[in-house]
Each structure stands twice: as C-alpha cells, then as structure tokens.
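Below: the structure, in structure tokens.
Every chain is named by a letter (A, B, C, D, E and F) in the order it is written, and numbering of its residues begins at 1.
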C-alpha cells in the first residue's frame, strides 16, 4: 500500500564528530546546525554538559558518512570556536522507510512508515505538512496529528480486514 | 570476609546502542527501560539533548553484549518511535564484586563491595533493602544508609586491628 | 549616536506560566513556541526536568504580561497536553534599548545597545542580519559577528576621543 | 458521556518549595519523590543545575497546598541533605477533569479528559492500565496507546454525528 | 556539644533574580558566579534551557536579600550580556546551623550540623578542609569524608549512651 | 607573527572513559576533575543523565591517551563510587595552536590561535589572564575580552594591509 521504499540496512563506516564548546555565542548554534544539515550530515544535536571550571558548556554532535568527514570537520572549525574534534567510528541501523498519503478533512498528509524485519513498527505524520495545515486552518497542531493518525489507522485496519 | 566473588575483568565486545528521540510520548520511557533491563541489557539511561528545529529531545542509551544486540534493537524499534539506531563498539572494565552482610538496629543489610587490583575501593548499601527498612520503620532513608555505612566501617576496622 | 530609544524600567504585573509536560510529542515544541511569540509572549523557553516515575520531561515557561494571561493559557491548553498550569507573579527589569547601524565590508548591520543607569553595558549584533549576510557571502557567521563588533568598537572609541 | 467531573478552577494559595542539592546520594531521589507524593504533594520534579564550584547538582521542586507546607518541609529536611528551602507562592490553573472508559481488543481502558471553557482539549490514556495490558499481552506499549486513542476518537466522532 | 549557633528561621523579603542568556561566552560563568558570591548573594546557580530558535542557553539564578537587589542587578548587567532580569519574590526557610569539630587520623575536621525543630537532621563534613587533607595526604577524598562521618557518628552515639 | 607552534594533526589511539554515577556526593566532582587533569587527562566533563529508577545521575567523561588509561581508570575507581567503566576508542583532530601577545590598556594578554589547513580559524583570549586583569582593575571581564579581541583584530588587519 505504500511507495518509495528504501530497504532496512546497516550503514558501516559512519562517524560521530564531537566538540565540547565552552566559549561560543550560543546564538550561532542554529546556524551551525543548518549549515551541517545542508552539507549532508545525517544528524546534528547538542548535549548540555559541565566542563572545566564548572562551565555549563554544550557538546556538538554530528553524525555523518566517513566520506563527508573532511568537509564536516572544516565546517565545524570555521563556524564554531573549537580547537579540536573527537571522531568516533560507528555503524547505523536504519529501518526500511516508505511514505503513505492519508486523507484528512484538510487535505492529504504524508505519513512516514518504518519497518523492521518486514513489519511496520513506526508511522509518523510529516511535521512540516501538519504544521502548515495547522497554521492555515488556525487549529491546534495536535488536532492535525490526531486526525492523521486516526486516518492512517482506519485505513490500515480496513485493509487488514479485506 | 566476603562471599560470592566475581573477578575484576574487561568485557570486550560490548555495544552501546543510541537513538535520538524527538517524537515519542515520554510516558513510555520507564516501560522501555524496564523491558530492556528484563531482556538482559547491562545498562539503560537517557540523556536530554537539543535536536533539529531546536526540539528538546532525549537520547536513549543501551549498553549490552554483542550477543544481545539483535533482540535489543528489535525491542527498541517496537517500543519507541525511532527510525534508526547508532551502534558504538566498546569495552567495559568491571570491578570485582562481592556482598557482605552488616548488622543494623533493624536487621542485616547487604553491602556491595567493589575491588580494584585486590583492594576494596567501593562499598555501597543495597538500595532496595534500605528502602524497605526505611518504609517499614518509618525512618528517613538516609538514616538507614548512615547506619549501614557505620556498621560496615566499624566491622572492617576491627578486623584490621585484630 | 543611537536612535529609537526605550527607557530602562521595571514591568510590574508580569506572569510566568509553567507547565510540566511528560506526555507530549516533542515535535510540537517549536510550533508551541512560535504561536506563543506570535501571540505576544515576552519570552518562551523549555527546561529539561525529571518527573514522576523517572520520566525525562520538559517544563514549558512562558513570560507574559498579566493582560495576556488568559489568551496565553488557552493557547497552552490547546497546543500542549498539560492538564494544569502554574502561575508565578513577578516583575521584569528591562534595560534601555537602542539600535545603532555600523558599517561592515558587506553592508550595514544593526547593533542592539542596552544601557543601565545611563551607561552602555551591552551591545549585540542583530542575529538575523548577520545570518543573512553569512549565507549570502558564504562566510562563517562568526566572521560577520567579529566584523560588526570591531566596527562598533572602532566607532565608539573614535567618538570618545573626539 | 463522561463521569466523575471536577470543574476547571484556579487554586490560589499554592506553594513551590525548592531546594538545591549538591551533596546527596542521588539513589535517594526516587524515595524522596515517593514519600512526598504519599504525603499529598501535587507534583514533585527534579531539575539538573550547575552549582557553586561547578558542581552538577539537582534542584528539588515540590508543589503543594499552603496547608501542607510544614509537613512537606519537614519531610524534605529529614529525607534530603539540604540546609534551606526556597518558598515561592503561586497559583495553579487546573482543567476540568473527567474519565471515560473506551473499549480495546484487550479490555476497557480509562481515558483522562481535560476541558477548558467547556471544550475538550486533552485526552490521555491511563498509563498504568495501558502498561499492565502491554505486559500481560506481550505487545508494545505504544500499540496499546494507539488502540486506545483510536477507540476514543471513533467513539467521539460517532457521537458527534448522531 | 556544638557551638556558633544560628537559629532556624524564615527569611521573608528574599528575591530570586533570573536571566536567560543565549549570547554569552560560557567562559565567563565562573567569574560571574564568583563576583556575585563576593557581593553577598546567598546562592548562584545555572540551569540549562532551550531558548528561541532552539538555542541551548543557560538561565542564571541569583538568590539574594531585597536590600542587595540593586547591586546584584547592576553586577549582572555589567558582567553578562542580558538585556533584562526577572525578579521573583520569595522566602527562605533556613535550618539552625552549628559546627562541630571531629577527630580523624589526619587532624580535626569541622562538620556542619543542621537542625529542624530542635533535632539534628543534617551533618556535612566541610568540603574545603576534607579536600585539603586529601591532597596533602594523597588519599581519595571519599576516604576522608568516610572517616569524618564515621567519627561524627561514633561521637554522637557515645554521647547518647552516656 | 606568532610563536610556539604545534602542528595540526590527528591523534589516533585516544580513549573516552565513561562512568554513569548515581550514588556519589556531587561535592566530589570538582576534586575528581582536578585530579584527572593533574594526571594528564586531555579533557574531563560531566553529562546530566536519567538512570535506573528515574535517578538524575551524572556521566563522567574522561578523554585520555591510551597510555594513560590504567592510571586514569585507577583514579576514577578510587575517587568516585562507580563499579564499572566504559572504554570507547576514538581519535582526536587537533588544530595547529599558537599564542600571540596583544596589547590592551591594562597590559599584554596572550591570544590562543587555532589554524586549519594553514588558515587561522579561531582566536581566543586567555581566560586566566583576562580574569586576573578584570579583578585587579575592577572592571567587567567582558570588557577585557572585548579589548583583547579588538586589539587582535586591529593588529592582524594592519598586518594584512602592510
């Protein structure tokens, strides 16, 4: 019932780049994140930490393919204040992903579906579409999510019973 | 003086499974944790993080033996909303562990003892027993801990001076 | 040398609305924040907390004038999953604020200036303008901030020495 | 359609008790929390903070009625290591609450419903019942939540269309 | 058995000053804290928060007497980058405090004792003295704490049984 | 223009030692950190986490060379309460570092300069010197940083234009 499959697999040869930052203007964090995603990083996130002299710092984490590492490191050195980067090799297990369109009173919304060993284990309404509908219709975002999840479930249950 | 030894050693071939979660009902976290411990995970913990679009998310961390990885991953995919998992290989250095019973005014309490290179470096009253005594006796939990630590120290000092 | 003054003052009659949330999809946080700022809230921020049953939850904080409270509360009840809100009365001391335009190699940038008891104590380059320049010029955001701060300082020092 | 109503209201005369703790065994936190809830506190939560000398401490927060304050303070002094407590007066706005039972394939589950100005704004499956079902049926907890939310929505929609 | 009493009491007329900071070099945090304590603040602590545009910021908290507020606010405006401060009135309940010297193998150490309604509820070895002994004797700090707590308990128990 | 170079390089064979701690007096954290830096650790930091039974714990992180691992592990076992340590192998990319002295109205201050692929990407005033000047001159620390950064920029710009 869904389309645009991508199979479940494990990516070997991924890297986690980490930098502890205790002397940077936090205003720059969203810009750093945007530029890293634009470069092709798989994920970017910050962890609040306590550093030397009790400073409340932040740890930048960037998940990327080994092939992107040099560019990602250069970007981090240019855009943050760090003098060093930790590089942790790891692998990433990714579910099979597909998108399904479901109907709501305000139009159709894509639902991202994740499968493990051939079974659907996740379904998630697409945030950007739900958020746009909520703004345009002036309704709570959670109401849109609710409607999407209900429609998804109604559809899959009726398919099962066919 | 103690019994039920387990020798100090390093476990190679351990894994740290990590999932960044920004779209899950946090009510489910304790259930996820319980099921992972029941499965045999060595440790489970959550780290508050800041994710894409500035979302305050949580990072699930599961420490387990390589042999448990497939089951642990399936459990995480079934019980959380993540579409992917990072897998970091590591090793774990564990102290020698033993238990010693010490006497308190409210009965005996096990103390967990950790040794490094043959020397005791840790001793910790068993939480569940102390908590039960505190509830039954209607006394502060910290008073029970205090009594257990005092009894442990009195006993080991008298053994030393014998 | 600056324009569009707003005098230093203390706002009595402000409120801090707080809600502890342990059962909401964190994807909604940015939408909640945007809608609260659009409504006229003075500030919105999240604090990671540990709640009942050890759940890693988040505490929503909304700073607003007493006159906005009913609308802000309704918005929070509609857009989040909370069943209750704490309301803490407080006052807010605000510095005098002014904007000054300074010249950089890439055009002029507004600098927000805060004064306390008639003395300048803060100056901050305007994030959105700096970020736009950095993107257009394909240069690090921190380089733009640096140039703005340098230009501001050069200008105020030469004014002092006139 | 629901029962056991409690009307929407604002509780004046509530207090927030806060203690910054940097010298307590964190093992005691769950016991402190349990005892405070048993005493009648309305809410208890912990906030990670950075204290004097850069210590990563925790801030205990207890929300309670003014009439419970003396007992709650005594409990905190007995069960934690703090030498002082901050007391912040505040009020709490509570939604009208009701419970509705909905049917799932594994039996009925209570849903907590919150209303603001006469309109339903929240509905939340009861955690303990869902968790019990998930354990007994050996199914994911999120599947139980999903089923409960679907059943709730199906029922309210059919009532609306009657 | 102890000396230099200060009676249990409630300080009315205290203030909590709060500033959310998202554009300051975190290196300055320890300096801000030191200067505030030197000025006479009762407590200073930082809370990691998530601010506008998803920035991982920090919230400065300063507890002080109403009479210190103007000086404390000026210091915060001079030493941080904030343009505003929240001011929350509160009261502080402080235990009776006394110091008792106890003997250890490495000399005497002061223990801070807190009493509530005439009963000892806290006793805490003085950090600075224990830390100095640990450094001079090249022993673990926790061993010093242990010895101090043991000596305190031995002494108070023998006094009770006299 | 600068001296005491250290070339940009990647250190293979580094380790990250991690311990989750939920039963230690947080007063000891600064002492643990000091002793680890004194031993030669490259970095030490704490991450607030949520552990078993919902305990707000802290994760100790120690970055060190493989050759320091045994000593670092022994120190952690002696000075904290942990019974185990995770050991994650990683590498560290370090920028070329140099120091440059710049002149301020209150004397010269070292600036740490980091270069990537031969280009300066970071410059940071030395905290300890700036902090000493601020204390001696009774001026805000941020004013000292500002003066140092301005002087650095003025100097490098005039060198560029020579």
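Just so we're on the same page, a contact is a pair of C-beta atoms (placed from the backbone, for glycine too) under 8 Å apart; a residue touches a chain by one contact, two chains touch by 3 or more.
Because the structure is predicted, anything quoted here is derived from the model rather than measured.
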Inset, instruction - Show which chains lie in contact with chain B and also with chain D. - result: A, C, E, F
Inset, instruction - Tell me which chain's centre, taken as the mean of its C-alpha atoms, is farthest from chain D. - result: F
Inset, instruction - Calculate how many whole Å lie between the centre of chain E and the centre of chain F, each centre taken as the average of the chain's C-alpha atoms. - result: 26
Legend entry - Euclidean distance of C-alpha centroids - chain C vs chain E, Å: 30
Legend entry - Averaged-CA centre spacing for the pair chain E and chain A, given as whole angstrom: 40
Inset, instruction - For chain C, write out the residues touching at least two other chains, lowest number first. - result: 23-25, 27, 29-30, 33, 46-48, 50-51, 53-57, 78, 81, 88
Legend entry - Pairwise touch network: line, ring, star, complete, or other: complete
Legend entry - Contacting residues of chain E [partner chain D, same complex]: 10, 14, 16, 29-30, 33, 37, 43-48, 61, 63, 88, 90-95, 97, 112, 114, 116-117, 121-122, 124
Legend entry - Sites on chain A touched by chain D in the complex: 50, 53-56, 146, 149-150, 153-154
Inset, instruction - Over in the complex, which chain E residues touch chain A? Could you list them? - result: 22-27, 29-30, 33, 46, 48, 51, 53-58
Legend entry - chain D-facing residues of chain C, complex: 20, 23, 47-52, 54, 57, 59, 73-74, 77-78, 81-89
Legend entry - chain D residues within the chain B interface of the complex: 24-25, 27-28, 31-32, 48, 78-81, 127, 131, 134, 140-142, 145
